[in-house]
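Following this message is one structure expressed as structure tokens.
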């Protein structure tokens, strides 16, 4: 009988379509066999555990400059934390500076990550307003796609960065000519800015005004508008961090008309609510869009279960407690929450254990659909030929979330004190065990940049 | 290296979640390994072909009495035809006679099939009106579930057979107390009967009046009513043979409110339209519900792609050309169409090749979801431990549909002359090649009755 | 200048389209002039008051047998109470006994009312199950229409009385051939009966189980079904006493598809909720459908404002406190609430004064649309040639509702203690002042049976 | 018996709520009496005719500069043509120039109209982009409201003029603080501009590209966005010239959520389709939005009937045949169609005579609702105290539309050759007969500027 380099044995394999008992045989960096009773040079005993594809987080911001701040997890610390939680691939962002060729910006961003990451990573290319009207910039899109970056981030909020409607149309139309996908932050920046100015003018500086000046209707508006313009441009669209039922309804409506529209939500929108912005610690929870209501949480869970939303990512963008609390008013607080590490367990705890999601849906939203929709061709499945990225997840393990147990390089967590049900025992990246019973045993710099590619002509569900 | 009994090599494996190259190693009746470069005592070369789970047809009527007629495929001929088309499991029906205990009816029906079937089969239990009000009959439901029949067919049409609203409520509530699923034929029988009487009274005897007296609105009404009563009873519901956008909309609406509602359509509703009932051959196409419009076809395809409908089955119920054409008026024509053999290829041709469905959706609708939703625990996936039911499907094979090429025991087909894209090269049932390049090489009687079981507490998507 | 018999002067005229100052000149039984500065033999000073068309209550049950009980307002006391509240026309029901020709039943019912009523009245003809299948009964429909009864009540609840689907179809189709309108009580009787039996079997006898065994979903089901069957029959449909958002949604959906569907709600559904069925007085509030939730109330108000519901009637059907409270279990309590007197003021208080409805909508729902939709050709407007039925309503008048102030012949009211805003000062019926500052100054027996007639071919909004 | 100055006798009075026979007595400029058998110094015999409130056209552009062109009907010719067709009030627009105080612009526009108009007129104030960000301009809004101009036109299309989202929010919020109403041209100008540039770049210069570069989805987008921003600002919104089902759906959806949203369509969208832009005469039909499909026409008619759209206006903006046909490409053609004269008859012909609208709905959409929604306090009803603006309309009159019969000062009409059913015999403005059997017998300059005012707190349906 063939000897594999590594065998994961006795576990229950979870995929987006099935739950069954089998061993996984790994040779080098690839899964070579899914079978009964395999034998290997090294064996990981998965008795009592789930064996699922390494989780994929398609929305993270590591060492990202935000005004005068920078998100406090760098590529090393952030990917290490991700690995602890069972994530084996993240996709971060390139934001080209004014005048900077996209290709140069991509190279510069890769230079920050290559050699430092604990797991594989990909990059989305941002098209900021300062590039959107320049034919020379848009002409680089095929080259960027060819370099393994087929996904382009567009902002409808944040003055300077955000695209106006004409730019949106042009960029979406350009993208639609290539095997590429636009992903959009849908909030109406100009209207939010006016509401923020109004609030400050009335002395409303507390963090809770952050939520009140980014109400659900403006998110719904921007979501609907971006979908309308994408339809006019003939482009598929993926909406990041959907936070509320009103925005969700716009996606649902577009999908029902046959439009290729996709949506993501994040653990913070599934578990936190606007009340977290009240009180002295309110500033910690400033992120855009803000947490909403429990009714919105329920709508998001239902949309994940019903297939209206496809992916759960984190929008991980941590700032220190000092940075989150020392601002003069809510508009000065750097926006973003940490979350890269606990995603898989949070969704298991609040989704699977409560019956809101099936095991298959959990795997689909966190592992398989991210791979398919974002063109991670060799990832996201437990099948021969795919990268040997695996999580061995113990569904019985109980632990209390908190900075003491997390590996994120930030001194607080929005989930402090939460009781989790289930946590990874092992994380395997390209055939190598990199986390073992809570210890990182991989190496920083062993992760690789992943060249992604999308089908030229996506069919109904973007199959490869 | 281990020797398997049979290896399917060099094919492209299709599942509901992935498309990849691997071999399948089979030992005895089970898949034992999915891996690269396997070796076996016998090898099936799948080069250039798809390797998918054996197709499952959850809705067939073999040797079924309908009034003074009987459907003309028996368990032998019907399952043999199914095997030719790549179907490795069918689910047929038990219809207990008045006063007959359900258990006895099940035994009698099994006696007709056991020892004759070419492939595995399961049975649904029908609860007719004559049993629905009898506590003694309903008390047998747990025993029937325990005997591997957890699905119960309810009719809202056909006088005598059909349940009235009170019976529906009681039967659905009884079913909901068990790990069982109700499946319903949703047409408003009493209203259709009045419309038929009206038509005959006006001398409208031609086959096209069959469609005009079963309009979409009555199907929608019955579908909506059955969903409403299922919701009141707390029971999940699967609607068979959805034919039109109006009925579909009722299912969609229920699903959006969080109800566990599922729907099936059939190749005839995806490819035929009401015009087929015109002219001298109109009588051939009498089935209930009747074929609808092209707009309805489009709505059904979109619903399959969007996940609003989950399964494509055939409702195979053939009658001879003579039986279909010698009736005095349309109400005397035995209702039903053949279709058990060409389903997989028809959906590939009209769904996949046209871009309406992805390869993954094709497998999901024809193979995997039928297994999951109907409790065929060991079937419907290409993974270790599952039954070695496989189809090796050549997507390049072109052929013209017609009675000359089909193996159904009926002297006509509604699809005569259609050009098909793709056809099975091999069908494997429990590890045995039973169809090889168009030749049946299995044995009648080798198929087995499959004991099915559903989860006691279905979660969001009825995962096992 | 011409002398009128009666002039209503100095008031603010309210109609469904305008609010303006003018006098109303009456000659004999008719309005002859709407003008400035009229002079009459007798003048009613309406300074500070609204002058609106006499209110019309299209849904009352006077001296109606219900099992062994009879509603305790007779034609005299009920119409007298109505007059006090500003209602100048009521429409009651004929319920033919088994075998009784419709014409005879109409004559018998008229014999109970003629000579006793304080105001004008009309009648709806009920088609019970025992007539629905008899061609001889349906053949009388044209004669009944010709006798001034163009509206036919159909029940989907109450065993014996209720029509099954086939009967519904036939009766609706018959009605649709005439200038007639079907009005339907939409609850699923058979399913409610099963739920009631279940409840009693579990010892659940308290009044609150009345509501729990008539849940919104069953009302929605029956409403949707009746609309579907009406569409199949080509008949317009008016749904009485819509109580909840779920049923309302079915009407809205039908209207949006272009179907001629209309709906009524009642003060009890706009102001009471299911909590009223709790506690020792719960039995008082048993009516079908039962009061629902505050969310349902809000949905009903919004539907009135948005035009999805057209009419507010009372379903007045009083039983004494003793009758409502002495039953062994909730199924024995005679169903129905009083309300004939306070409708106009209740809707002013809870609708107009709160801003939920405009003055115009108040008049439309209580006066003008009832006249138009139910064929009261000469009523419901303040315009020359129309019957001089008027209410002079003082919007500033405040009073506390209670049996002490009401004239209904029943010893309790569901609205005991409510503070009302606005009450009639004068009620004028066919030119005669019949209520003057709270005193009845008309005569019992002066009211007349009104022959109603509908347009043969209703246009979009059933204009005359 | 009192002698009136003018009596309209023997006609059938049509209002938005009733149809009845009565005479109308007029003293001076006001209706004084609606009664039977009135006598006057002068009598207009309306035998066989409808007597309805003078029609109101809330959307006209007379002598309006559009680029280097000017619409070719001036205040004299345009209002004279309107009078011929039965319109007794028009509302035109003020467009302040950059830097021009709103008050001055209003005075200047009034100076163009006063002394020239044949009928009464009002004005809307446009808030262009060049004013929207100037606090000094917005500070004038209360003064403009006080001057009888409580309605403000906002453009989402036309570079320079159009407001961006931030401006929209600020202007809508400012308006919402006053008894005022925003009315908006909802097309996405920037996206249309890009599409136009694309088309020209591909040599697509023919008129039909005008429609292709202003597709329904962009109109729907702008409509939905404006409604979303209005909701955020707490402002009611009236959408002008709704042309298609997609835009309509956004209004409907807002209304169902309880938002105060109103919509207008025009005869061109109810009767013309995109095919009119084909061929050598295509340029004539350039207007924005463009005519759509027959399915859109059907949706608009249904929305008028169902109350989702409230008003039919003309957007009258005529250019000569030479101006419409001599442009180098479609972007150079001055946009706009004539239509001020035939509106009432066109809607009678294509709406009432076909059964799509009732008589009451015709009056509501063309006469009464325009008065109510736009604060024409003394107009739009046939009731004492209201302005004696009346049309005596002969529904049997048949004529063929064409420039030969029209009085518009433009040498073509989009309705050339259409057979009309019904036309006015007399038009009465403030008590004076101004059109008599097709002859203008009034005087240019006799019309007056009408100071309009809205309720401070609109209730559910904006009642006065």
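Chains here go by letter, A, B, C and D, matching the order in which they are written, and residues are numbered from 1 within each.
Heads up, the rule we're going with is that contacts are C-beta pairs under 8 Å (C-beta built on N, C-alpha and C of every residue); 3 or more make two chains touch, one makes a residue touch a chain.
Predicted model, so just to flag it, every value in this text is computed and none were measured.
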Practice prompt. Kindly list the shared contact partners of chain A and chain B, in label order.
Written response: none
Worksheet item: Where the CA atoms of chain B average out and where those of chain C average out, how many Å apart are those spots?
Response: 50
Worksheet item: Taking each chain's centre as the mean of its CA atoms, how far is chain A from chain C in angstrom?
Response: 58
Worksheet item: When the C-alpha atoms of chain C and chain D are each averaged to a single point, how far apart are the two points in Å?
Response: 39
Worksheet, complete the sentence: Among all residues of chain B, those touching at least two other chains are none
Item to complete: State which pairs of chains touch, listing all of them.
Response: A-B, A-D, B-C, C-D
Fill in: Partner chain A, residues of chain D touching it in the complex
164-166, 169-170, 188, 190-191, 193-195, 215, 217-218, 220-221, 224-225, 228-229, 231-232
Discussion item. Using the touch definition from the top, list the residues of chain D that touch chain C in their complex.
Written reply: 1-2, 13, 15-23, 25, 32-36, 255-256, 258, 302, 305-307, 355-361, 364, 368, 381, 383-386, 457, 459-464
